[in-house]
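Naming follows writing order (A, B, C, D and E), and every chain is counted from residue 1.
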Amino acid sequence: MNTLIAITGLGIFCLLFEILNLRKAIIPITILGLIGVLALNYCEFGTEQSYYNNMIAVSKFSTAFSSLFIVLTIFLVALSHNFYQNHPTKISDFVAIKVFLLAGAVAMVSFGNLAMFFLGIEILSIALYVLAASDRLNIKSNEAGMKYFLMGSFASGIILFGICLIYGAMGSFDISEIHESALSAELPIWFPIGMILMVVGMLFKVAAVPFHFWAPDVYEGSPALTTALMSTLAKVVAIATLFKLIASMNFISSLENQDLLHTFEVIVVIISIASMSVGNIMALRQVNVKRMLAFSGISHAGFMLMTLLTVSASAGVLLYYTAAYALAGIAAFSVILYVCRDQDNEDITNFHGLGKTNPLLAAVLTASLLSMAGIPIFSGFFAKLFLFNQTIQAGYIGLVIVAVINSIISVGYYFKLIIAMYSKEPNQERTGRPFLIYATAVVSIVLNIALGLFPSLVLDLLK
Amino acid sequence: MNVSTILIILLIGAFATYFSGDKLASKVALLFSLAALGCSIVLLNNYNAGENISVINSWINQPKISFALNGDGLGLAMVLLTAALTPIIIFSSFGNEYKNAKGFYALILFMAFAMVGTFLAADGLLYYIFWELALIPIYFIALIWGNGDAEERRKAVVKFFIYTLAGSLFMLTAFIYLYQKAGSFLIEDLYKVNLSACEQFWIFLAFFLAYAIKIPIIPFHTWQANVYQKAPTVGTMLLSGIMLKMGLYSVLRWQLPIAPLAAKEYMTIFIALGIAGVIYGSIVALRQKDLKKLLAYSSLAHVGLIAAGSYTLTLDGLRGSVMQMIAHGFVVVGLFFAAEVIFRRYETREIGEMGGIRTQSPKFTSMFLILVLASVALPSTFNFVGEFTVLYSLSQINIWFAILGGTTIILGAYYMLRMFQHVMLGETNSKTFADVTLNEGVSFAVIIAVLLFFGFYPKPITDLITPSLETILQVINKN
Amino acid sequence: MGNILNQIGIENYIFLSVVLFCIGIFGVLYRRNAIIVFMSIEIMLNAVNLLFVAFSTYHQDAQGQVFVFFSMAVAAAEVAVGLAILVSIFRNIGSISIDNLKNLKG
Amino acid sequence: MIHIPDFAHATTVQVIFCFLAFITVITAFLTIFSRNPIHSAIYLVICFFSIAGHYLLLNSQFLAVVHIIVYSGAIMILFLFTIMLMNLNEQREVHRPRITRLGAIVSFCLILIVLITIFINSKPIVGEYDSTGEDFQSIKVLGKILLNEYMVPFEFASILLLVAMIGAVLLSKKEKLNK
Amino acid sequence: MDTNLALILVLTPLLGFLVNVFFGKSLGKTVSGAIGTIAVAISFVVSLLLFNQITSTGKGIQVTLFDWIQISNLKINLGFLLDQLSVLWLLFVTGIGSLIHLYSISYMHDDENMHKFFAYLNLFVFFMITLVIGSNLLVLFIGWEGVGLCSYLLIGFWHKNQDYNDAAKKAFIMNRIGDLGLLIGMFIIGSMFSTLDYATLKTAIAGATNLNLPLLSLAALCLFIGACGKSAQIPLYTWLPDAMAGPTPVSALIHAATMVTAGIFMVTRLNFVFDLATDVQTVIAVIGAITSLVAATIGLVQNDIKKVLAYSTVSQLGLMFLALGFGAYEVAVFHVITHAFFKACLFLGSGSVIHGLHGEQDMRNMGGLRKAMPITFWTMLISSLAISGVPFFSGFFSKDEILLTAFHHSIPLYVVGSVASIMTAFYMFRLMFLTFFKEFRGTEEQKHHLHESGSLITIPLIILAILATFGGLISLPGSSWLNGYLAPLFTKVAGEEHHLGATEYTLMGVAVLGGLLGILIAYVKYFKQDNVPESDENITGLSRLLYDKYYVDEIYDAVFVKPINVLSKFFRDHVETVLSAAVFGLGKIASEIAFQGKKLQTGSIGLYLFVFVLGLCAIVSYIFLAQ
């Protein structure tokens, strides 16, 4: 709870700095503030407590994920400095929106009442709509914002309908109450329908097939930093929330009571397989890196959805997977930001010869791509390993095999980028070594590798 | 002192090489690789003295993964192979100028690190990690420093990477499945797992896919020739000399003992595949126009025989294949180096453009000829010892296996001598061909010395590997 | 006064709300004019609000109605942002037909 | 089960419900089908009013008032402003391809049928609806709940609105062009 | 002491090889030649010592150096067995070897790579000694392959000529086919008796109760295939005539006197195996006979002086196998020895001729050399008489014994052998007449330079001619020293056929008459009638068939070499492509799906939402309406 308050306060401070004409200080102060928040959040870790009539329920799950979100936000804010260099008047808005977005994200994983959940997701979504469309003179950005907005509101409507039906069934928005009554025999069918609708809405947010269509377009059109935010923070938040929704409301047992569990699991399996396959295959022919990473994100969503099959045991795995994925994503995007900062697109051709002109960044990008592809020692590998382990344990060996095949396909496009960096001739001069971008790239990839070397650090958090 | 020392040396070496700058890189790399060789010899001594050189530390609690390295005879033999070949390979590259040499040599050492790790790992997952790690450096070596048309090379290298990764991911799945049964990735726990015949079959198959691609066994070999051709010779040496031994080694260490029932049940099929590889590889090699490709196919043929030997599940077969692995490792490195020596002077790998070298460079010719002869397993070379043992073990299974596998000595002689004739003999070439330099000569001499020495006196190696192989056989035959 | 649902039945509210919701969906799919699409989304949200109130009566519980406030706040916020985006699109391309938004594809 | 309206014995409430429902659905449709955005807006306002009627029928007067204020008063005005700003009173929409319409209709029918079928298939609510007789929806009660139990979401909603505000500003603020 | 002797025996040639390889060039031609010769001569001396020891003690010497290859049930030592057989072989290997080395010093003096030549020769002697004195089959195999290698190196000694290289390669590969047979034979024997050691094997076979005879026969057959390869028997004989591409001393040493007899050595060595495999013995005899006849017929019409000798060698080897097939090992060995003498002499003589004519090998361009090269002429004449079976020359005794043995076992094979002998006499004298009599038919330039070769060449010739004359003494009919000497090796009691009766004398007479008949025909045709063989284009009919060696090479080419090459090309161009495409194909398919899938991503919000709704419907209806 304190975390949430602190974050909100920090957001408001950002806005104040603009008024106080302290633009230069915004980013450092925000980063420091966020680090403080991280510390605060860390202090809360391990306490199981609910605040304000169970509006906010702090648990290991929520604090762990909140920490991850905060870390990601720190990186994203750090990247903002260079990205918004040309928009000095708006920098406070951008940073504040990001901080508020973080508040929404934290609310989404620590909600104790569906109202908080709904508001959280709306804050997140609206902030993202704005960020997607924030390059207001760029038609692509407009289009991305519009697409995201329309489809996002549509999904919000469906989520809202789901909440409504749950309320109809339960007469309450409080998840602990829902948790208790979810097993009652008298439960109207509204509850599972409502849950399914909410799940569908969240599947939209995580960009799972067949609700994924927005992702590539929006990722491509949005300003690169927003894409980074969407593909790392937003995706991680969405999947964590989805996980929490299903886990915290006893949904699985409830379905089991009503003999619907099997069909639900079939659906999850199908969506998971479809997401990975569609994501990976579609990414093969992309030339725009952001778009490619969008499809990659779709496939990773498919992987992460596998945790829904073993909700009771796989929170740690999900945390690990999301951390690995998001850190790799941050590293990758910081390089993309650097490479494409003066370009009007993010085509692969921009990356030609990066291995020669900027070996460090090329190495970082390579490492992050390898991590996403699941090559050992990078945490992406362990993420997949733990995930597969969990899933095989639950008996879904077929699903794992499909996942494995998909991992193979994914290498195809990740390596396209690596090849472009190392075996093509550079086609442009790259000057300047923006410290924050370098720092973000290096720190995030180091964190990624550290996670790979000591996976227990994160994996055992939620035990 | 335990086996992790050598890993540390190589890893530090890789970093040190990278930071030593382009000028010094090759020397630093050589230094560290020699240090690793020295270390492995010391380890061998300690092992022979009965010291425990294994390591086991827990690493990840849940799932239970340990940092376990096991120094037994078999592993040490392979480590020695790696540690001996790495300096040779590095030294042999001294005649070439590489752009960004520091990266190049660092990758070589890193690859050696990963390969040594693979040979030592006693935990399924650790093993898998090293296995995969070895893939990355060679990928970059081939991609960045390779030769030939860039687009073709990219295709070949990516295919190689994806293909091998594909195989190994199935192996990973098998490992995870095994973990469910064993509750640990430790090799001794995996050995103890009781699996039904059906489970064993699938696990065997998953392993097979990984190894068949890596080794390669036909029809999974299609990446090989292209990559060998496109990679820089150093990469080709690493690939053919050591890396494909990873696959063969793994068959012995992991595949057979973990799924013995399946191994016994389907033995003939896999032997037959290996032998088919022998014949197919030999025949394809016959008409290759590119020297490196020819050597690649010859390698295909040889490893087919080694694989067939491994699948016999007899001590002879296993022992023969290990010896043949070592012998082949040396000889193939030598042969590829010879190709490189020619390339340095002629700037071509087309056999058609060579010829008549013998008059100009008798020393080179002799060395090359010895390597060719070793490769066709002339008695008194180490290759003969291996090949004889393998063929003998095959004959114990079925005489036809020995006969068909034995065609390698005919076909092998055919394509190798044909190649030798067109590359080295004939009218003196109009282009000048300087005889081997001292550096080159030393590399050749070391390889030849090793091959001949063990050809007459293979006992040290036999004694080193036999106990481990017997242990493995015990596990295989426990039921 | 008794529960009004005794006379109408919660099902009828559900059906009405479902129909309304579906009309909203239909509108989003049917129209290319972004403003109308926004309106359709408002219809969807209103359908849900209606159901909230009905359920609130059904449970004799005020929380549902409280939630409607939030839902309205969300609707307002969405519309504000949505229209802002729409305006900037209109400024850039002079049209608000979502058919014109097909630059990003493939 | 669907209560087939028994028109002969319909209570006033039932008649009002049917009437309001009819208005709601029709105006919703008209909103969508109107070619002129202004007309759409006006139909939508009517639709909102009829929904407000439903609220009144359910005896939540406060909500009805708020609803009208927020939707008809704020949101619709926003729409109208925008429409006027863009000068959209004439039909600008290009002709929709048939496939789009077909798709829309198909999905409309599909989702409607699916949802309705599920609700019909589900267990019917049997028995009388509770009536505790307590006041649960007066302004007072709502206010208490909103500012006690739902204090946090209430505050949080302010952040939502703040974000929306910043967003709207961000999207429309012109910046001085840097050199 | 024995170990040291054996080591000196083996290692001296190796040392000679190493010295010549590393320092030969700087030492100069004569010195390197001398080193080579001395190395072999030392071995020869050691062989003599050993011979002395063996004959005095009558016991073989077994030397074990160290464990070599360990196979679970089969321990293989690197060890030597010096017994009667091996020492006998050693004697003529090193003896003739020394002579040929000596000869080569002069013969090769003009070659810039003379030191290499001697190196290879020494290496050959080293391997040959290893082959002979190995105490088990695998050590034999070292030598076996090693001599094959040296043969390869020496045939292709003039490596600039790709035809020679082809010949060398062919020799090596055909030998390898045989080697595979030998290996398989070893495998079978190894698995049957768990040993490859001769001595142990012998006791094992003798002591075995339940012998799997068919399997043993198979082993014997495989071993015989090995022998076929090395000793140029049908079907693996075609390499030997081609091997004449090498320098003539090589032909003399390797392809006439020593290496090609390795097959006979091996069969003799394993006589206890072959004795049990009677079917295989028949096969050996038949193949030997056929080879001898076929080679002889081809030899009738060859015009290249060395080719004639080569086919003669094949034919004589066939005769030896004929004897082996009847279990008459000592007879075969006897012929090996005599053959070594006269054939070496013939080759060296032909070498002298070729040397004198500066490389001319075609007999149509020779003639009348008798006066210019008298020593060569006389030594060759003696050898020709010996090979033709003219009485009291060595060949007479040995060949006669073979035919005698054949007669006792199988009349048809006897006839075949006899016909081959007659032909031998004919073509040998055809060679003599064409080369040494009448007028010189070469160019004026050659005529001008005609001269007798130097003493280094003639001395070996003379020594060999003497041996060819008197070599028969070691095994005179009736009182054979050789039979007695070799007796400990054989299980069967030898010499039962050696009581000389009327039949034997008749047969002897027939053989002598046959030989003389052959000589007579040659005399009539090439001396009296003054025929000179026609030039290549004009050869027709049967002679054409013979001249072209029954087209065996062409047939082999068409049946084996071509198909393999076609197959190779097919594999390379098609199978590889298909396999590769199959792997790439998966990627291509994925890529194609991606390409089609991109079209689905139209950018239209309507479509996206449509799919969204459809997905929603599908999920909801599947979960709630599926039952």
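Here is the rule we use: a residue touches a chain if its C-beta (ideal position, glycine included) is under 8 Å from a C-beta of that chain, and two chains touch if they have at least 3 such contacts.
Labels paired with UniProt names: C = NADH-quinone oxidoreductase subunit K; D = NADH-quinone oxidoreductase subunit J.
Just so it is clear, the model here is predicted, and its values are computed rather than measured.
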Which chains sit in contact with both members of the pair chain C and chain E? A, D
Counting C-beta pairs in contact, which two chains come out on top? C-D
Centrality ranking, top chain (CA atoms only): B
In whole angstrom, what separates the CA-based centres of chain B and chain C? 66
Distance between chain centroids, defined by C-alpha means - chain A, chain D (Å): 31
Once you find the CA centre of chain C and the CA centre of chain D, what distance in Å lies between them? 5
Centre distance in Å when chain B and chain E are each reduced to the mean of their C-alpha atoms: 37
Could you check chain D for residues that touch two or more other chains and list them? 100, 103-104, 107, 111, 115, 118-119, 121, 125, 149-150, 153, 157, 160, 163-164, 167-168, 171-172
For chain A, which residues are shared contacts with two or more other chains? 115, 119, 122, 126, 129-130, 133, 136, 145, 147, 150, 154, 189, 193, 216-217, 412
Flagged in chain B as touching 2+ other chains are 162
Which chains touch? The pairs are A-B, A-C, A-D, A-E, B-E, C-D, C-E, D-E
Complex contact set, residues of chain B against chain E: 159, 162-163, 218-219, 221-223, 225-226, 280, 283-288, 314-316, 319, 356, 358-359, 362, 366, 373, 378-380, 385, 388-389, 391-393, 395-396, 399, 402-403, 406-407, 409-411, 413-414, 417-418, 421, 424-428, 456-459, 462, 466
Chain D-facing residues of chain A, complex: 8, 11, 15, 51-53, 55-56, 86-90, 93-94, 96-97, 100-101, 103-104, 107, 113, 115-116, 119-120, 122-123, 126-127, 129-130, 133-134, 136, 145, 188-190, 193
Going by the contact rule set out above, which residues of chain D touch chain A in the complex? 118-119, 121-123, 125, 148-153, 156-157, 159-160, 162-164, 166-173, 175-176, 178
Would you mind writing out the residues of chain C in touch with chain D in their complex? 1-12, 14-16, 18-27, 29-33, 35-36, 38-40, 42-43, 46, 49-50, 53-54, 56-63, 65-66, 68-70, 72-81, 83-88, 90, 95-97, 99
Which of the residues in chain D end up touching chain C in this complex? 1-3, 11, 13-14, 17, 21, 24-25, 28-29, 31-32, 37, 40-41, 44, 47-48, 51, 54-55, 57-60, 63, 66-67, 70-71, 74-75, 78-79, 82-83, 85-86, 88, 92-94, 96, 100-101, 103-105, 107-108, 111-112, 115-116, 119, 124-125, 128-132, 134, 136-137, 141-142, 145-146, 149-150, 153, 157, 160-161, 163-165, 167-168, 171-172
